[in-house]
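Heads up, the next two complexes both have chain A, just with different partners, chain B and then chain C.
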Partner chain A sequence: MRITQGTFSFLPDLTDEQIEKQIEYCLGRDCSIGIEYTDDPHPRNMLWDMWNLPMFDVADPKAILHEVNACRKAFPNHYIKINANDATRGRETVVLSFLVNRPPHEPGFRLNRQEAAGRAIRYTTHPYAADRPAGERYRE
Partner chain B sequence: MNHKPNGTERYRAGVIPYAKMGYWEPDYIPKDTDVLAVFRVTPQDGVDPVEAAAAVAGESSTATWTVVWTDRLTACDVYRAKAYRLDPVPNTPGQYFAYIAYDLDLFEEGSIPNLTASIIGNVFGFKAIRALRLEDMRIPVAYLKTFQGPATGIVVERERLDKYGRPLLGATVKPKLGLSGRNYGRVVYEALRGGLDFTKDDENINSQPFMRWRERFLCCMEAVNRASAATGEVKGHYLNVTAATMEDMYERAECARELGSAIIMIDLVAGYTAIQSMAKWARKNDMILHLHRAGNSSYARQKNHGINFRVICKWMRMAGVDHLHAGTVVGKLEGDPLTVKGFYDTLREPRTPARLENGLFFDQDWASLRMVMPVASGGIHAGQTHQLLHYLGEDVVLQFGGGTIGHPQGIQAGATANRVAVEAMIQARNEGRDFLKEGPEILERTARWCSPLRAALDTWKDVTFDYASTDTVDYVAVATSTY
Partner chain C sequence: MQTTTENQTEERREVDVGAAAREALIDDMLRQLDAELVGLEPVKLRIRQIAALLLVERLRGQAGLSAEPPSLHMCFTGNPGAGKTTVALRMAKILHSLGYVRRGHLVVATRDDLVGQYVGHTAPKTKEILQKAVGGVLFIDEAYYLYRADNERDYGQEAIEILLQFMESRRDDLVVILAGYKDKMGRFFQCNPGLHSRIAHHIEFPDYTLEELMKIAELMARNLMYEFDAESKDAFRSYLELRIRQPHFANARSVRNAIDRVRLRHAVRIVEQGGRIPQQELARIDVLDVRQSRVFQAASERGEAKETL
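This part shows the complex of A and B:
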């Protein structure tokens, strides 16, 4: 399966050149860019690991792309995303977030059903990969 | 007319004009804490427009048809609403914009029913006016701060969904009536699996003989959870909890919560009290609250009488809903672009300056009330993606009902076409392209590798709803007061 989190997951994976253009757009909106990675892609895992702090004072898209590639090199089999943080009053959250790396094989999620009272079912979404310890979940 | 009568003259038993009772005060300077309203007044033939405006002020605040001495037991000058400005409607003989100021203490804190009972309570049936329309209101910060506002708001909704930087995508299940629970769940699953973020009950799906509400809730949540596991995304289905009584509504909402739904919906016809109750419930239960504007066109569409929808937008932001249908510009339902922009700004902006071309008569500071996500629904399809993004921006739910379910290759393909079109258009916009002009070309190029989009474009490429709007804004660049 292909996890479709992030703004551009229905498009073919973005090239570095395309990623750089999106970074330029974010910088043009005065956003700071953060890189985050994980091997637990549960849809409600909102705390991915940070690749350093958001780059508050970096204005060069190439420097940010360089960091993306450094993160890819360190975690080639993880999900990696770029988040653009907008500090404008009243927004103060992420305004663009898209994947820039994914594991070569994505086993996806098991849906566990627990039969409850009446016809109700309690659902749990479980990433197959999470059965293994963190850091060993996705392999070549 | 500005001569102030003394107490004996003023309160002699009998009938005197409203303007002379103190409801017309052209020198009045509205206070920052006043609630302001502007009405479009059409006086009956022979009725002085000033008297008509004063009558509207009177009948929407303290007045009755005759003088009552009991006024003198109160600080009646404060409680009287004051018509303070009257402008002829540009290019529309016989109609006037009447501006009226209401003291803050006329209204109960945090109560839309109380606010509306004054502002639209009796006055619309008043004989001396032929027609009356509430065009806009300015709600003072002091009053706004007594309202909860949207239970969730755009920022928190996006954080919960983990979806940023693009319009959200939805679809209303069709046919809107008649599907069994199992068949209904099938439509929900296919649409969410194919790429939509949300699906939606329609306004008139409650608990009918063909599908009782619990069947629908159970089948929809199976579909939502299966689609979520198949895509790794948070998904939702707006479960309509509208019912005959609050007890029924709470029961349905509790059930939705227990089943793990992220979002519920209610209809505008449920009434302001029910909406405020559900907004409080939604805040307490981490639930996104979608509001379908069912019924609004029965009073919002005609220009000379009723309530402009921008006022409903204001009331609903105060009442505390998270989603509100606010027009598509290009789809099948009423919506002139400038007017719709006024609705969207009212729902989404931290403050809206007076902009007559958008029908906004007053500066409005929203005092940190959360932002409502507008919903564009009705006759839209993937071929209009560039126009939708241009007119509506990215903080919007685009609901392609027929434009998903009517896709020739099936519902999943329809959903995929919509999602791909939106992502491709956002990518192009962010790259600095003139996406409105180049939109058709961007879609064509994307369709070369995305056959569902190809089929969508081929099926609906010539579908437009090009009718003149009924509800447009009447303004001239500079409005001048003539009274």
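This part shows the complex of A and C:
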């Protein structure tokens, strides 16, 4: 099951050229860009690992694409996303976030039902991949 | 039958070099360079060569004769005030207008920006600067400070190695310009032969002649909205003649300093004079403003100056 997190996630995966254009747009709006990766695809997992520090004062999208490729090389089977942070006063937040890499095979989520007191049912989702320890979840 | 006609057109196909040159605004750029930079013939020659090469390279690309992009890392050597920094600042714009670098911004770095203070600090620091410079020009002024021969545990060497690797592997991403005084750069390259051979363009900035210095002085004065009259021009020329022979003469920088001091004396003269004066007096540099320089006094004490006041 293809996970859909962040902007453009219902579109086909972006090509490098398209990623570069998106980065260029972000840089044009004075955003600083950070790269993050994870192998825990749960939608409530906000704390992805950072790939180096966010890149401040970078002028050219090629420099960031180079880092994306370095991250892809190190974690070919992880989810990798680009975050563009707008530091303008009053905004000070991530304004664009999109996936730039995903594992080749995404097994999806299991729905767990828990029978609670008084015939109530509680639901929770659980990524199949998360059954294995971190770092070994998407070995193909 | 049809294939033969195609072959014939293939042979006869022409390339409009003139149009391409006009489109790239090369002539405009070179003319502007001539107008705003006095002297520096070897530098201008090299820029002209690079401009031509990049233009031809583009035409070759269109004709399907693709080749590796040329390496444009440069090293500027020359005496103080010869215009190294000025040209480097311009180079970024020039290379951008020729389409060699994508953005044409300039990142200026010195030793402080590249070399760290403790183990493991240098690499990320250098890489960060390099990353900022991608798509533009990285200018390292006084590059010889990167390497300290007397201290083998200095982290400068590490910065140089990262720089080298970057210059080699991502040469289509940025242009590195090193600059420094001739003798010190020579020693620096002796210690780092790898760096010397990876820089294709070693450009030496010659000292300015007296005539060129005069032109620079007039240009500077004009940019500041001042004007030499005939007398003060002569005075400034004899000032320069004396100044060149003195120690610590730094070409255009000394001219700039001299003009700054002339401005001071000009201001004092105007204020002391008081009263109502014609407006153009505010722009006119008087012979007195120049003649009051210490350089003349020292020379007249030694009996060197032909004319004294």
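The rule we apply is simple: the second predicted complex is superposed on the first by the 136 of 140 C-alpha atoms of A that agree within 3 Å, B and C clash if a C-alpha of one lies under 4 Å from a C-alpha of the other, contacts with A are read in each partner's own complex, and residues count from 1 in each chain.
Criterion: contacts are C-beta pairs under 8 Å (C-beta built on N, C-alpha and C of every residue); 3 or more make two chains touch, one makes a residue touch a chain.
Keep in mind that this is a model prediction, so the values were computed, not measured.
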Superposition on chain A - do chain B and chain C clash or fit: fit
Which of chain B and chain C A:94 touches, first, second, both or neither: first
Touched chain A residues, chain B compared with chain C: B
Partner chain in contact with A:57 - chain B first, chain C second, else both or neither: second
Vertex chain A, arms to chain B and chain C (CA centres, degrees, nearest 10): 100
Chain B versus chain C as contact partner of A:130, first or second or both or neither: neither
Touched partner set for A:121, first chain B, second chain C, both or neither: first
Contacts of A:21 with chain B and chain C, given as first, second, both or neither: first
Three-chain overlay, closest Cα atoms of chain B and chain C, distance in Å: 17
Residues of chain A at both interfaces, chain B in one complex, chain C in the other: none
Footprint of chain A on chain B - complex, ascending: 155, 158-159, 162-166, 195, 214, 218, 221-222, 225-226, 228-234, 258-260, 350, 368, 371, 416, 419-420, 423-424, 426-427, 430-432, 449
For the chain A and chain B complex, residues of the former touching the latter: 1, 3-5, 7-12, 18, 21-22, 25, 41-44, 46, 83-84, 89-98, 108-111, 119-123, 125
List of chain C residues in touch with chain A within their complex: 102-103, 105, 131-136, 170, 173
Touch list for chain A against partner chain C, complex: 55, 57-63, 66-67
